[in-house]
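Both complexes shown next keep chain A, but they swap its partner, so chain B is in the first and chain C is in the second.
Let's look at the complex of A and B:
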């Protein structure tokens, strides 16, 4: 029983990072209809920003997260405005290829700048945690989960309660009608992608605290974002939160299966994703559009 | 109009002659490595490196042409075709290394296995459309790779595990030459299959599905059967390439038989050459693979990239490849074969038009 509770807790805590990785990806996919293969690379950029600020300025890693968000918002805005907006009306395969190309560029520029060494961010409190009897709750994943929930909540607030958010919702439901009522599509697209990139940056900062990062580590994050978004369903932030936590649980239980279960965690996650896609394409909580 | 048809024909002829020259060189140069040719004093045109690169190019010709059947002709953005390559490679590899089958008996099983897999997976997956199909096929590709590396039976990895699978070296004179011609044969088969598909009832059905699936169903195309057939056909050809690769490379593991970047490369090749055509993907495969090898510095003719140290070169090559990918996708969305057809000319107006058509 204690093992079970511990497993659930660890799964939910790990899910926090997946929520953070997934929300930006889901926003860009749901609103712009772009499957952003560069998402993992943006996550890694966020991780390196946090690492750089932590090692040179000795800032607390959690305080660097707003910097990640702002920097990646600017980068994402420029990327969408300057490059990705050029192929919005092209067939979907082109967005795949374009974002894969961007991924290649970002990852290899990171390799040129930082080299391929693994970097980790280890503040004094990393590795410590509360203990309730025999159940352990580590600090860093706990704060990460809190940050991820806060991030999702503020994204949901922006989307549902601000003018910009209304514009984003409008282009999600009908691009041409949105243009007719006077929304500047180029700007709104760029803001949406920028918000997605900002979420990726925050996720990267959290990941740098939990595991060592290297420029080529981005690909798994993109794949995880896929699974999270598909599990939860497109079109709502809360669905992504559910998807992320569910993915964390699935992974934790997958790793606990006796007899080398840990190596199957990915296969289980992707098998589950394909299963959800085939049986319930709108996701666990999504709305079909 | 007459003048245009004329230039059209002229470009076609130039393109055809160029293709014949390249093809003849590729097919005849290996012969100079035979002992007879060497003792007769013919200059050696194909060394080990030549064979390695040329066989790789032929392999990508197979994969890009096969992808074209499901992605180009049917219009389903398959993003996990590398799974078929890996399944083919592991089928042949397991039969040779564990069951001690002879290579030529084990090779035909590879396309059979990948076809069976594609049929089973295709039935549910091909109900999905657009992004969802792309993502699901990608998921299948990743999951199969992970399973193959990690499946164990009584603590022993069944498929060689993380350390991979070693095959006995196939005893044949002129190994390089043998595998090169075998891969070229596979490439010829895939091009012939594409040619046949485009002229058959199947092909017309697939094109109808690409243009409008509901309409195709209304006029009596059994869309499910047609889509699965296209998927299985692509899988068979890709699996064949995988089977040849396993014996040619002698060593297979998850990294060299399930690499995700092959998915992107085969699509890019097909796009570069022109999707839905017979020779386009093959031409794209030759061009792009040569470019990748050139940037990586493994071609005999290579240019130094200025201001770049030797160690940073592969990384800079990847950056250049990424920039190229972005530029091609943005400016040449219909593929370079558009220019060779003679219908369009590479001009500023063309670039501006393709930008206007796709941008927001």
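Let's look at the complex of A and C:
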């Protein structure tokens, strides 16, 4: 019983990172119809920013997250405005190729700048946590989960309560109609991608606290973000939150199968994704459009 | 020769015959002195210079290049009184084993590599060994320890490192000497060939030393979230926590162990703790961790040629300043070059078949330890050593005769450090 409760806690805490990675990916996919294969690379850029600020300026890693968000927003905005916008109306394969290429460029730039060494942000309170009997709730993943929820809530606020957000929603519903009512498409696209990149940056900061990062550490996260968004459902931030937490739980229980461990964790996650696609194509919480 | 070439350049229009005559005179003129300079020996090595194995592949390349500088300042490898300078041709296999094999073939057919040096990792070494065999070109490798590579009946692949099954046996041997003696083991392993060989060897070896494996758990190679595995280990309450994986997983397990208060008398990981990154990434949490290592800068071997251990460490620090001591990936990679060099010298020929036979017969001790191959081509004669991180520094703690420190045992609980 204790083990069961501990596993649920670990799964939900791990889910926090998946939520953070998933929200930005889901936004870009839902609005721009781009499956952003460079998302993992942007995540790692955020991770390195946090690491750099932590090691050189000794800033608390959680305080560096807004810096990650702003820096990645600017980078994402410029990337969309300067590069991706040029092929935004091209078939899906072209955006696949472009974002895949961007992923390679970013990863190799990181290799040039930071080398291939493993970096990890280890503040003094890392590894400590609350203890209730034999159940442990470590601080860092707990705060990370809180950050991920807060990030999702702010994104939902921006999308549903601000003028820019409403413009983004309008584009997601009908691109041409949005243009007709005077929305500057190129700017709105770039803001959307920038917001997605900002979320990736925050996720990267959290990941640098939880694991050791290298320039290639982001690749699995692109894949996981994909599963998380499909599990939850495209088009709503709250759906991604559910998807991320569900993915964390599935992974934790998949890993705890006696003998096999996480050998099957991915198979279970993808199996669940297929099951969701077959039975509820809109996702656990998604809306049909 | 250089002057001749310059002269030839200025009179390019002269007849071919004249050029040939000049070349012949040049060769004949220097033939009577000391060792002459022969053709350049080209060695080929695909390495994962980008991708997931960049770190380890870079260390491998450093090891190769250290030897390359050394041999070329001496004019090259001496073959029957002729010194052949050496060139190593590298390609980036993007850490992909299949790509590595493609590049190995390219090195042989297009770049005319005389001999091959191994890539990083058991997976790429396995695919490259097949290419070496097909083309009958010897490959000396230093970074593929899975015995599955050597159980294929290949004749042209030689590994200078101790095989996978030895990686954690040293830790068990050491544990058997400690007081109070640990008796239970939780074995966590990544699911790749190499890691499973390491782990399965413990399953059969530990009982012979009076220890029981109470938990054996596989996880996905490269996993970064191992909370559930660590939780299972905690439930089993073992004296020893062993991990067979790589640097990524070793860091993940150590982080999770602290978070989830998994306490044990010994934490030992097959690969990872010996690299400086393990200490920089984990800080003080890296202390007390043991690992099985192919080599440490503290070992005491008497080399037959090349550098002593101390000279080797100094040479590394001179060439790669600021990186600390060379780790065992660097040392074993240099050792592969030394094995190839000595075999070429012994063969007195650049003929691939003769060099292969010389490799099979090789028995020499260098700074890395004894290099000798069994009939399969793997070096089962060199022992593994056990290292422990103590106050942020690597110390060799076993076997006792080459150790520079005592094991700090038992490992204190996380909240008492």
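Here, the second predicted complex is superposed on the first by the 289 of 289 C-alpha atoms of A that agree within 3 Å, B and C clash if a C-alpha of one lies under 4 Å from a C-alpha of the other, contacts with A are read in each partner's own complex, and residues count from 1 in each chain.
The working rule: a contact is a pair of C-beta atoms (placed from the backbone, for glycine too) under 8 Å apart; a residue touches a chain by one contact, two chains touch by 3 or more.
These figures come from a predicted structure and were not determined experimentally.
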First (chain B), second (chain C), both or neither touched by A:266: both
Partner chain(s) touched by A:1 [first = chain B, second = chain C, both, neither]: neither
First (chain B), second (chain C), both or neither touched by A:14: second
First (chain B), second (chain C), both or neither touched by A:181: neither
Chain B versus chain C as contact partner of A:33, first or second or both or neither: first
Partner chain in contact with A:108 - chain B first, chain C second, else both or neither: both
Residues of chain A contacting chain B in one complex and chain C in the other: 107-108, 111, 259-260, 263, 266
Complex contacts: residues of chain A adjacent to chain C: 3, 6-7, 10, 14, 107-108, 111, 115-120, 122, 126-127, 129, 131, 136, 138, 140-141, 210-212, 214-217, 220, 251-256, 259-263, 265-266
Touching residues (chain side chain A, partner chain B) in the complex: 29, 33, 35, 83, 85-90, 92-94, 96-98, 100-105, 107-109, 111-112, 185-186, 189, 219, 223, 226-227, 230, 259-260, 263-264, 266-267, 270-271, 273-274, 277-278, 281
Touching residues on chain C, where the partner in the complex is chain A: 50-52, 54-55, 58, 188, 191, 216-220, 222-229, 231-232, 235, 247-248, 251-252, 255, 258-261, 275, 277-278, 280-283, 285, 414
Complex contact set, residues of chain B against chain A: 71, 77, 79, 124-125, 127-128, 130-132, 134-136, 138-140, 142-143, 146-147, 149-150, 152, 260, 264, 267-268, 271, 312, 315-316, 318-319, 321-326, 329-330, 333, 355, 357-360
